[in-house]
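This report concerns only the one structure given below.
Just so it is clear, A, B, C, D, E, F, G and H label the chains in written order, and each chain counts residues from 1 on its own.
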Amino acid sequence: MEKEQINNILEQLLEGQLSQEEALDHLSYPGFDDLGYAKVDHDRLTRQGMSEVIYASGKTPEQIRGICLNLAERGESNILLTRLSPAKAEKLKDLELDYQTIAQLAVFKPQAQELRGNIIIATGGTSDLPVAEEAAITAETLGSKVTRLYDVGVAGVHRILAQKELLDQARVVIAVAGMEGALASVVGGLVACPVIAVPTSVGYGASFNGLAALLSMLTACASGIGVVNIDNGFGAAVLAHRINTMTACQD
Amino acid sequence: MEKEQINNILEQLLEGQLSQEEALDHLSYPGFDDLGYAKVDHDRLTRQGMSEVIYASGKTPEQIRGICLNLAERGESNILLTRLSPAKAEKLKDLELDYQTIAQLAVFKPQAQELRGNIIIATGGTSDLPVAEEAAITAETLGSKVTRLYDVGVAGVHRILAQKELLDQARVVIAVAGMEGALASVVGGLVACPVIAVPTSVGYGASFNGLAALLSMLTACASGIGVVNIDNGFGAAVLAHRINTMTACQD
Amino acid sequence: MEKEQINNILEQLLEGQLSQEEALDHLSYPGFDDLGYAKVDHDRLTRQGMSEVIYASGKTPEQIRGICLNLAERGESNILLTRLSPAKAEKLKDLELDYQTIAQLAVFKPQAQELRGNIIIATGGTSDLPVAEEAAITAETLGSKVTRLYDVGVAGVHRILAQKELLDQARVVIAVAGMEGALASVVGGLVACPVIAVPTSVGYGASFNGLAALLSMLTACASGIGVVNIDNGFGAAVLAHRINTMTACQD
Amino acid sequence: MEKEQINNILEQLLEGQLSQEEALDHLSYPGFDDLGYAKVDHDRLTRQGMSEVIYASGKTPEQIRGICLNLAERGESNILLTRLSPAKAEKLKDLELDYQTIAQLAVFKPQAQELRGNIIIATGGTSDLPVAEEAAITAETLGSKVTRLYDVGVAGVHRILAQKELLDQARVVIAVAGMEGALASVVGGLVACPVIAVPTSVGYGASFNGLAALLSMLTACASGIGVVNIDNGFGAAVLAHRINTMTACQD
Amino acid sequence: MEKEQINNILEQLLEGQLSQEEALDHLSYPGFDDLGYAKVDHDRLTRQGMSEVIYASGKTPEQIRGICLNLAERGESNILLTRLSPAKAEKLKDLELDYQTIAQLAVFKPQAQELRGNIIIATGGTSDLPVAEEAAITAETLGSKVTRLYDVGVAGVHRILAQKELLDQARVVIAVAGMEGALASVVGGLVACPVIAVPTSVGYGASFNGLAALLSMLTACASGIGVVNIDNGFGAAVLAHRINTMTACQD
Amino acid sequence: MEKEQINNILEQLLEGQLSQEEALDHLSYPGFDDLGYAKVDHDRLTRQGMSEVIYASGKTPEQIRGICLNLAERGESNILLTRLSPAKAEKLKDLELDYQTIAQLAVFKPQAQELRGNIIIATGGTSDLPVAEEAAITAETLGSKVTRLYDVGVAGVHRILAQKELLDQARVVIAVAGMEGALASVVGGLVACPVIAVPTSVGYGASFNGLAALLSMLTACASGIGVVNIDNGFGAAVLAHRINTMTACQD
Amino acid sequence: MEKEQINNILEQLLEGQLSQEEALDHLSYPGFDDLGYAKVDHDRLTRQGMSEVIYASGKTPEQIRGICLNLAERGESNILLTRLSPAKAEKLKDLELDYQTIAQLAVFKPQAQELRGNIIIATGGTSDLPVAEEAAITAETLGSKVTRLYDVGVAGVHRILAQKELLDQARVVIAVAGMEGALASVVGGLVACPVIAVPTSVGYGASFNGLAALLSMLTACASGIGVVNIDNGFGAAVLAHRINTMTACQD
Amino acid sequence: MEKEQINNILEQLLEGQLSQEEALDHLSYPGFDDLGYAKVDHDRLTRQGMSEVIYASGKTPEQIRGICLNLAERGESNILLTRLSPAKAEKLKDLELDYQTIAQLAVFKPQAQELRGNIIIATGGTSDLPVAEEAAITAETLGSKVTRLYDVGVAGVHRILAQKELLDQARVVIAVAGMEGALASVVGGLVACPVIAVPTSVGYGASFNGLAALLSMLTACASGIGVVNIDNGFGAAVLAHRINTMTACQD
């Protein structure tokens, strides 16, 4: 709790607007609901501008439903569920989720909104689509406009060069690539806006489930690239959305 | 070269403002100077808003001087030299570099400028300062205002919590930490702005020269965090500067 | 065998309470039963205060049954079977095991007992429950009181801070977390009692099946943390139980 | 700050013992001093029963001196400096540190105290002494009694078996070993008290700077073993001290 | 081909016992049959004292049958097939293999023989049996006597110590263990004969599929230990058999 | 686009053979078709002498069909599909692919052609056949003659030595081997032509899915060996084909 | 020895041109000289078209001199010494080596020769020069013409695109790059000739001494790329020379 | 202590040849001397047929001297000191060690003895000599005859094939090789006696300090190979000596 908030409470207490007990409650309120198996973070929306996201992997359908309903009760909407398998989604159909098979992602209590800015999501190949779509749908759910630019890997570098004009209109670019992940370096050398790189587990042998792409992106000779976890389209989208929706810089 | 630029040249050719030879020259101009051991990228300033940066490690003093002078001849200033050892800096003193020992970084042809926005650079400990300072000086050289918030690691989590108000004023936060790198997760959970995480090689044993912090930051449970290479304060600053100086989002 | 024990036998021999053969037997008794595929360690209860635990993975149901029955014959109870799949548990239902599905753990010949002290088991998220429950049931079977504090990961650090009072009542805390495992560092910085960290394989990509959390916990900047193997709730509970049930320190 | 502390302040405020400004100060006091390059954690002594420890590696002598003096000004004593090279120690001789060469460790403002309990520190070989001594001196500085049991590695397993009686008197054992680190398993199977394992970087080739011992200790077939970072004698001692000085368990 | 053999052929040629063509054939005979997908090595029996062994993994049943029949045609017997799954064994039942399910190993054209010497095969636990049995049956098929000593891991070190007398009768010991593989070190310190260590993939988490045991055995502080590949009971048995059946050393 | 091509277009423009719009189109033509999920690279045939190859893993049957048909529409033939599972091949049977089960590879629009030169493909064992056949069929589809030399691993080094004469007739050799991959070193020491090494994932334990063979081939003491990714028969064949079909060197 | 050679000897023996002893000598001649610490391979020149190369690292100056002189006695020239430190070169100055400091490489008994064909050596940056020069001088010593194309990394992709015309004239390209090694992918997608990729240890942090570049090059999405060991300019040159000097393909 | 030894003591006690105190002493004698920093294992000579060996790395000269003198006092000779740097050897010259610079190994109290049997030590190259000599001198000190066969690596496989006759006379072969370590596979396929493989750290880049050779040797397709730690010539010699000096096998 911040100093100003504390002072307000103290003033209300001194002025009698709050009883001592009420002041105590406010000053010691935890900001979450405790379901036993989960402590649902209701403070996140005000603290970070987005609801808690449910990482569905490793949770039972019952636990997922419980968290969803708790968030809904508190009036939250556009709640994301990531890494949700079709089998689990089927068991949760009473929730009327908006489920996207390719991205293994769902939105609970979806709500239309106007999309702003411009995030370009580029992929090295067609096999990177599941990760790219996880990013795209996440960003759109958060309120960002997305331009998809798929299969522009560097084995045919003219494909990405042909899109220079398009790339220049982006406020932020997400580069999604597996294998050697060189797309991030090439894009990073072409644009002046922030670039977020997502290594994917596409590939075999020495790609070591995405390790080759991850190391490659981290050591990219182009500068100004932030990297997220292997296959983490969701995380890239959250970061991209924050950047995309920034207000103007002032001195 | 973009379509519009090509069309302009064609029109000038047809209108006789350019000879066929001149048009040919323009349409096939490479955008760099070739020094044999280096191809100095003069297109970068227009393409990406910053001069080419010289990674001094593995280059001889003669090669570094050659690149510096070539950039200066073309009128560029505020040229960064990273990973420059004191010994090499000494051999280049004729260039009148602005050299920072702790960050092993120099600026050639430094030029005063107004600093804008607000980048907060937080570190887990005092031992992370060399990396943090590389980030800070880079960002300032590029034109961003920097707030230093050093030694706020999670072993005493109240130190970072006490700075919540300060953190809320950042346009972007750079979290610099070695050992287990948990600072990124905690900061990522506290702020609503973009966070860039820099793992450092501070630590020993199972920190494996920064690997522990790197993996930790990549898998941080907080979302919206972009990670750069181990000890890469420079790269974090470039990305932070791009985010910090963004214009307003419009739909 | 310890000196005192040897001397006792020698005295009994000299006083005629033992024949030479009996003395020889006692002095050379191995302390285990040999079933061919297993040497059941009956000395462990006296040596370490707990019966041999059966690691069920990689053993056939027949081998498991054989070891269980041998332990029972010798009068042992509250015998733990860890990593026991539901399929194997089904094949052993004649043993009337107390089987816990979520923890893949069973107790053979369970016996009620009074629980003592206070072990707090905290998890980073809901997906860490299987490991946390393995720890909780193991500790309770051994005789320790357990307080569950689930889903208090650092992405919302106020959730764990809100439990400071609770944490202060623990004699030992077990911190269970996957992904970047930062929970161990934060808890380690908050409490004054011993902390045991259990990395879990929850996560994907650069979590490398728990490696990220493991390295993170080993390099935690907070001191006083002991780490166990990835997903090893059982081992953490044994250590925690030993600490929890300690007698008072004297000089 | 805990609920009770907050309530006390509110009561003092209401009763006029504190002005609103003073109450505000107390409620928002960060608990550390800010030296710019370091935020010295003065809350740690009350929070965790021991002063902040200075990890000297990567800090300049000036920074180390600054932190030392700040701690001393606040009245703290028995301040530990770990990983302090002889060269740096020499530059800090004005502080009259109690410096131990073999352990690369110093105590600032040492203060005699009575030692309590019994921690046994066992090593696999003579080459493990630097790590073992770091643990021993740390534990003694914190107030624990230490018994050294060096060079009892399993290549001659009778050496450790001969000490069974001694081991049984320990409240906690620290097993320090490099190479394959089997000492931890053997000790873990012999004693009933908590065991802390410290892998060391002693060895070559496939020991990979302590990795072999680390993995070995984490997967030890004996249960009840907590592992710390490679060569982290300090961390093992802090954990051992906390365990050693525990009060009696009550139900 | 060795010098003596060549000379013999030359003499036979000069004496007219061989035609030039025949001598050419002998001098250029490859020593194997070519089945297209396999070159069956018939020279191995004379060169190394044992038939070619068929590594069944990755071969089709048809390929395996073809190699078996070719070896049989040449009069070889006691032919080993390793890593043969039950499903493939079923498809090859026309060959009347002697198939051992637990060891996933078969013998084609088994032939009774007298067993010589004494190889002790010790395991850390019951879960190591599949690897141990692969070793045991291989050694017996080659003609060595085997003594099984299972489940004598170091968590209860008295179990192995109780077998000292038995161990002293071995000509060679094979130590089979997963997890931390400390059995090899302890056995290596107890006996005077050669020790072969087989790390197994038994374990989880930081055992990394046998890596922990492998590194541990390679860095064992006891000397005189040769290590084979993870789970390679077969290879250990071949080496043990060679050692076991050695003739007396002469100077 | 190359200078000469640009100049041709400019001349055609000036001579009125091209309108300004047409010249603009030519100068800015991207060279690929955009299917949304894929940008099919039609420039590759002229740029690199072979059609785009479809990496089927991670693509849906619909995506694969779409790319195939687009390539066919543009008149391309002998189109390779690699890593195509039997299940997907079945779903694409309307395309009348020439599918090879062992190599998991198909040719769409196969066209007979004369095969030239001589590539020898050698394998260490029979289990390496799937990778070797991927290489063989790829090379043949591209137009190279292939000689198969399977199961000549170094455990019986006479098998490869017996083929010296055959090896000397190769223009390039592909050495395919798993486990320790020593075949590459031995072949590399025997021949004077270029050698391409393909590590395979054949093996278990410390082969770490081909890592042992990969490292072994990269560090082969014989020089003149180029290595490709683990199990990458396709890539080896493309490189071998380029070498095999080279024209004569002139000065 | 090949069949034809054997037959010749047999015929000479039968015709009395060789005594039986001489025939025996020829048929059993090893093809190397034995210096005790080295067996100098004089067969290599005829077998592989180049003299044995001396890997100087780990050899004493005396051993190096001995091998050099032995090769010279047998009439060989243009003998390469790789990884020769300036200090060792100094101790061998009596040999009048042609020593290249930047490449740490020397030629003993250098001999002028005409250079043929065209190998292009491209580097990602200026820091890769030592490796590139090792490759260039090796190739020139072997007799190939070399075109140097340094500092064309993908952070400014126009630099390499501007050289398309030059690249098209290569018979083979060597791509030398550290950090993320993306140069190999981009070059591999641009040219139709064989490409050899050399990862370098240039970089820091997650480049892990060249591992990032190595994995990246092995998993390059462009096909037809052969990879050599990290920093192995020498090996790349040998392979490139063999490809460069190939004769024409015939069917 | 074995059963028979115990019984003897009991009988002596009963017969009055030993007092109760003496019997107690004998039954509880530890078998080593305790120097504080070391427990010198005097039981090893009788237990394993060789004195304790001093691993000098990480020990101070004073500690080494102390252990040496203690061993000498107990009448032991031919005491090995491994990994002894020239600097430390210099500080111990009062001990009149027999010091071998190339192997960094010394013998304290050397004593002439007859050498028996035949161990062949083969190396891949000249750079492997330090490890090979550590093995050779160790084996000779233990009493085995050694035949050195250096620089027979597989890049020129005829060098090792030429020694087939010599190899056939070995009772055991030690194969010492760095880089890809293929020597072990080739030797393992040629001989019928036990083979011990020693990977060395010779090489660079992907040899990862001996890891490539280690993995290669562990996965060698030839069977009957035991592997020791990287650069562990000492350990290989101990194992080889035990095998070399075996008595005849009887049934």
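We adopt the following convention: contacts are C-beta pairs under 8 Å (C-beta built on N, C-alpha and C of every residue); 3 or more make two chains touch, one makes a residue touch a chain.
In this text, all values refer to a predicted model and were calculated from it rather than measured experimentally.
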item: Same-interface partner of B-G, chosen from the options A-B, B-D or A-G, over half of the pairs matching; value: B-D
item: Between the pairs C-E and A-G, the one where more C-beta pairs touch; value: A-G
item: Distance from the mean Cα position of chain H to that of chain G, given in whole angstrom; value: 38
item: Rounded Å distance between chain D and chain F, as computed from the means of their C-alpha atoms; value: 58
item: Contacts with two or more other chains, residues of chain B listed in rising order; value: 3, 28, 125, 155-156, 189-190, 205-207, 214, 218-219, 223, 229-230
item: Contact set on chain F toward chain A in their complex; value: 30-32, 36-39, 41, 43-44, 52, 55, 57-59, 63, 67, 83, 199, 201, 209-210, 214, 229-232
item: Chain G partner contacts - residues on chain F that touch it in the complex; value: 2-4, 47-49, 53, 114-117, 145, 164-165, 168, 171, 189-196, 214, 218-219, 223-230, 234-235, 238-239, 242-251
item: Residue ranges of chain A touching chain D (in the complex, touch as defined); value: 3, 6-7, 10, 13-14, 20, 23-24, 27-28
item: Chain D residues within the chain E interface of the complex; value: 124-125, 153-157, 161, 179-182, 185-186, 188-190, 203, 205-208, 211-223
item: Contact set on chain E toward chain C in their complex; value: 125-129, 148, 150-152, 155-156, 158-159, 162, 202, 204-207
